[in-house]
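Shown next, in C-alpha cells, is the structure this report addresses.
Naming follows writing order (A, B and C), and every chain is counted from residue 1.
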C-alpha cells in the first residue's frame, strides 16, 4: 500500500474497478484535495448539493402537479380531448430533456425558479396523460352511482373518480419525478449546482468524484421512487388495494 | 372403434365405467359440478387420470404423448377458440400442418371440409372476426375434423350460439355425422340437446358419479332413480315424441270417398269404422276434405266437402310437431299423406297416447344421425 | 442542396450594409446570427445543417442498437417468466431499478467497467428499455384469449408450438406498443450519450450551449427522428397483424 500524491491511500492490490468504487465512497465521506488544490467532497458538500437537487426537483414536481392534475382530471371526466392528452404524453417522451434545460436557461435564466420551470415542463406530460387516462378508465358504473346519489359533477370527480384513479395517476407522477430528478442532474451544465456538479467537472472533482456523483444520483432516484411507491400505497383506497396486487403503470 | 372408461378417482369424477360403441354419439350430461367436462377432458389427457384407464380401440390413452394423442382426436369447445390471427383456411389446416401433410393434400382437405360444413369457399381467407357466430362454430367443427380423427370430443359446442342457430347447427351436425360416422363424446348440460343428439346418454350426478347410461328412449321411459327422473324432466313422455316420426306409428284407416260416389256406399263404410268420418280423396288419392253429416244427405259425394282436410300431416313429420298441429287446429283427426301427397292413414291424439303407453313403443330406436330433424 | 444554399448565402450579404466577416473570412468566421439574441436563425440552420448529419446518424445508430439489444433481452425474460410465473415480480423489480437510475448516472457507474465509448452508452440505454418492453410482452402474452390456448393445446400443440404459433403472434401488438415507447424514449435519452463518449447530437449541444438556434435544431432533429422511428414501428405492427384490420363481414 502506497500513499499517492493527493494524500489518499491507494489500494492497488485490488482489481481496478473495485478500487474505483472504494475511492468514490471515500470521496463522499471524507473531504479531500481535488484538482487545483481546493477541498472537495465530504458529507457537507454532498448534502448541500443533494438538497439543491431535491429542492429544485420538489418545486418542479409540485408545479407539474398543480397544472397537470386539474387539467387531466377535468378533461378525463368530460371524456374529451383524448387525442390531445395521449398525443401530449407521446410527444413528451420524444423531447430531449437536455435541450429543454439548455433552451430555457438561454431564454429565461438559471436561478432556482427558472430551472424549476424547465423541469416542471418536463414533468407535465406524463402526469397529464396518466391523470386523463386514469380518470377516464374509472368504472362507469361507479360514476353512475355517484351521480345517482346526487353528487355534483365536481364531487363525482373528487370523491369517486380521482380516488379510483390513484394508481394510474401515481404511476404518471413517479415517471415525472424520475425524469425531473434525472434532468436536475444535468442542470449543472447550465450553472445550477446539483449533484451533477460532481459528475461533469472531472478537473475539480476527479474521476472519484464523478463516480461518487453517479452513485449519489442513482441512490437519490431510487429513494424518490420508493418514497412515491409508498405514497401510492397509502393513497390507494383500501378497496382498490385489495384488487390490484401488481404495480401501477 | 370403441372407447372405454374404467373407474377413476379424480375428485371431480368417480367410478365412471362406460363403453362407447364406435360410430356413435355418447352424450355426457348433468348439472354443473357433475364432472362431465372433466371426464371428457380425461380422454385427451387435458386432465390427467389419477386411477383407472381410458382405452381407445385397444390402446390406452397413456401410451402416447399427450400432444400426439390429441392430434388424433377432434376437439371442439364452447367458445370455439378459433385462432384470431389466422384465416379460416389456416385454422382448419392446424392439425394437418402439425402432422406434416403435404401442401396440396391440406388444401384439398380444406376445400372438402368447407363443403361438408356448408361454408362458402369465398370465406376461406377471411379472419374469424369477420364471421358470424354460427359460421365460426362450423369452422371450429371443420377444424376438428381436418385430420380425420376417429374420435371427437365436443364440450358444449353449440352453447355459445343463440337458440335458433343452435337448432340449425345441431341439425347440420347430425347430418354430418350421418356422413362421417365418428365416435363422439359430447358434453352438455341441456337434457333436450342430449336426447336429440345422443345415441347413448350418460347422466352424471354432482360429485361425478354415473346415474344412468342408456339410450334416450330407455332414459325417458325407465329413469333409474329420482335424480334421473327429475333431471329428464316431468314432460318426458312429450320428449319422446321428438324422437319419433309419424310413420313410426300404426295409423288408423278412415273410410275413403271419391267425388261423385254414391253417398249410400260411403254411409255403409262408416258403420264400425275406426274413424267415424269419411275422407274425400281425388283420383290421385289426395285428401280434399271431410264429409259432414249434411254432405252425406246428398246423393253423391260433392267435390267440395264441408270440412277442410287441414291439418294435412306427412309421414316424415316429427311426431311432436304433428301433435302440436293437431292440438292447434282443434281437430281430432288429421289425414296423413306420403311424400307424393297420397293418403296413407289418419292420425289422432288418441293414437299417440295409446302408442306412448304400449309395449311396442319400447322397440323403436333410431341412431341419432338419422333422427328426425325439427322443421 | 447545402452547397446551393451556401452559395446563395454568400451572394446575398453583398447587398446588405453589415458586411459579414464570413464574406471575407470564408465560412469559418463567426456567423452574424450567433451574436444576436434571436430565437431561431433559419439561415444559420440551413448553412450548418450538414454538421448535424453525422451526429444525428450516430444517435440513430445508438438507438437502434440499444433497442435491439434491449428487445432481445426483454423478450427472453418474458418467455421465461411466461413459463415460470414466479419469475415475474423479481424481474419487474430488477428492470424497474434499471429504469429508475438516471442515464447520466448509469454512464458514469459503468465507466470503471467499460470506459468511455459506444459500449457504455448502449448498455445504459438498453437497460433503460428493459422494463417497458418486458412489461408489455408479459401483458401481451397474458392477454391471449384462453379459449385459443385451450383449443391449441387440445389439438395437440406442444408447449413451444403453442407459444410460437399462437401466443407470440397474438402478443405482437402489445409488444410493438412497448417497442414504440422504448424507441422514442431512448432517442430522447441518447442525446446524453456524448457524456459517455459515444457522440450523438448532444455533442452539438455542448459545443454551443447558449446558442438558441443550435438548441432548437438539436431538439427538433431528435424529435423528428423519434417520430420517424415511432411511425416505422407502427407500420411494422400494421403489416404483421392483418387480422386486426379485418372488419366483421
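One rule holds for everything that comes next: contacts are C-beta pairs under 8 Å (C-beta built on N, C-alpha and C of every residue); 3 or more make two chains touch, one makes a residue touch a chain.
Owing to the predicted nature of the structure, the values given are computational and were not obtained by experimental measurement.
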item	value
Chains touching both chain A and chain B	C
A-C or B-C - the one linked by more C-beta pairs in contact	A-C
Reference chain B; chain at largest CA-centroid distance	A
Euclidean distance of C-alpha centroids - chain A vs chain B, Å	69
Chain B-chain C separation of Cα centroids, rounded to whole Å	62
Distance from chain C to chain A - Cα centre to Cα centre, in angstrom	21
Set of chain A residues in contact with two or more other chains	none
Chain C residues within the chain B interface of the complex	145, 147-158, 161, 166, 169-170, 241-243, 246-249
Complex interface listing, chain A residues touching chain C	16-17, 20-21, 90-91, 93-100, 102-103, 105-107, 178, 181-182, 185-186, 189-190, 196, 199-200, 207, 210-211, 213-215, 217-218, 221-222, 225, 247
Chain A-facing residues of chain C, complex	39, 92, 96-97, 99-109, 111-113, 181, 184-185, 187-189, 191-192, 195, 201-202, 205-206, 209-212, 215-216, 218-219, 222-223, 226-227, 230
Chain C-touching residues of chain B, taken from the complex the two chains share	44, 46, 66-72, 75, 77, 79-86, 94-95, 98, 123, 126-132, 140, 143-144, 153
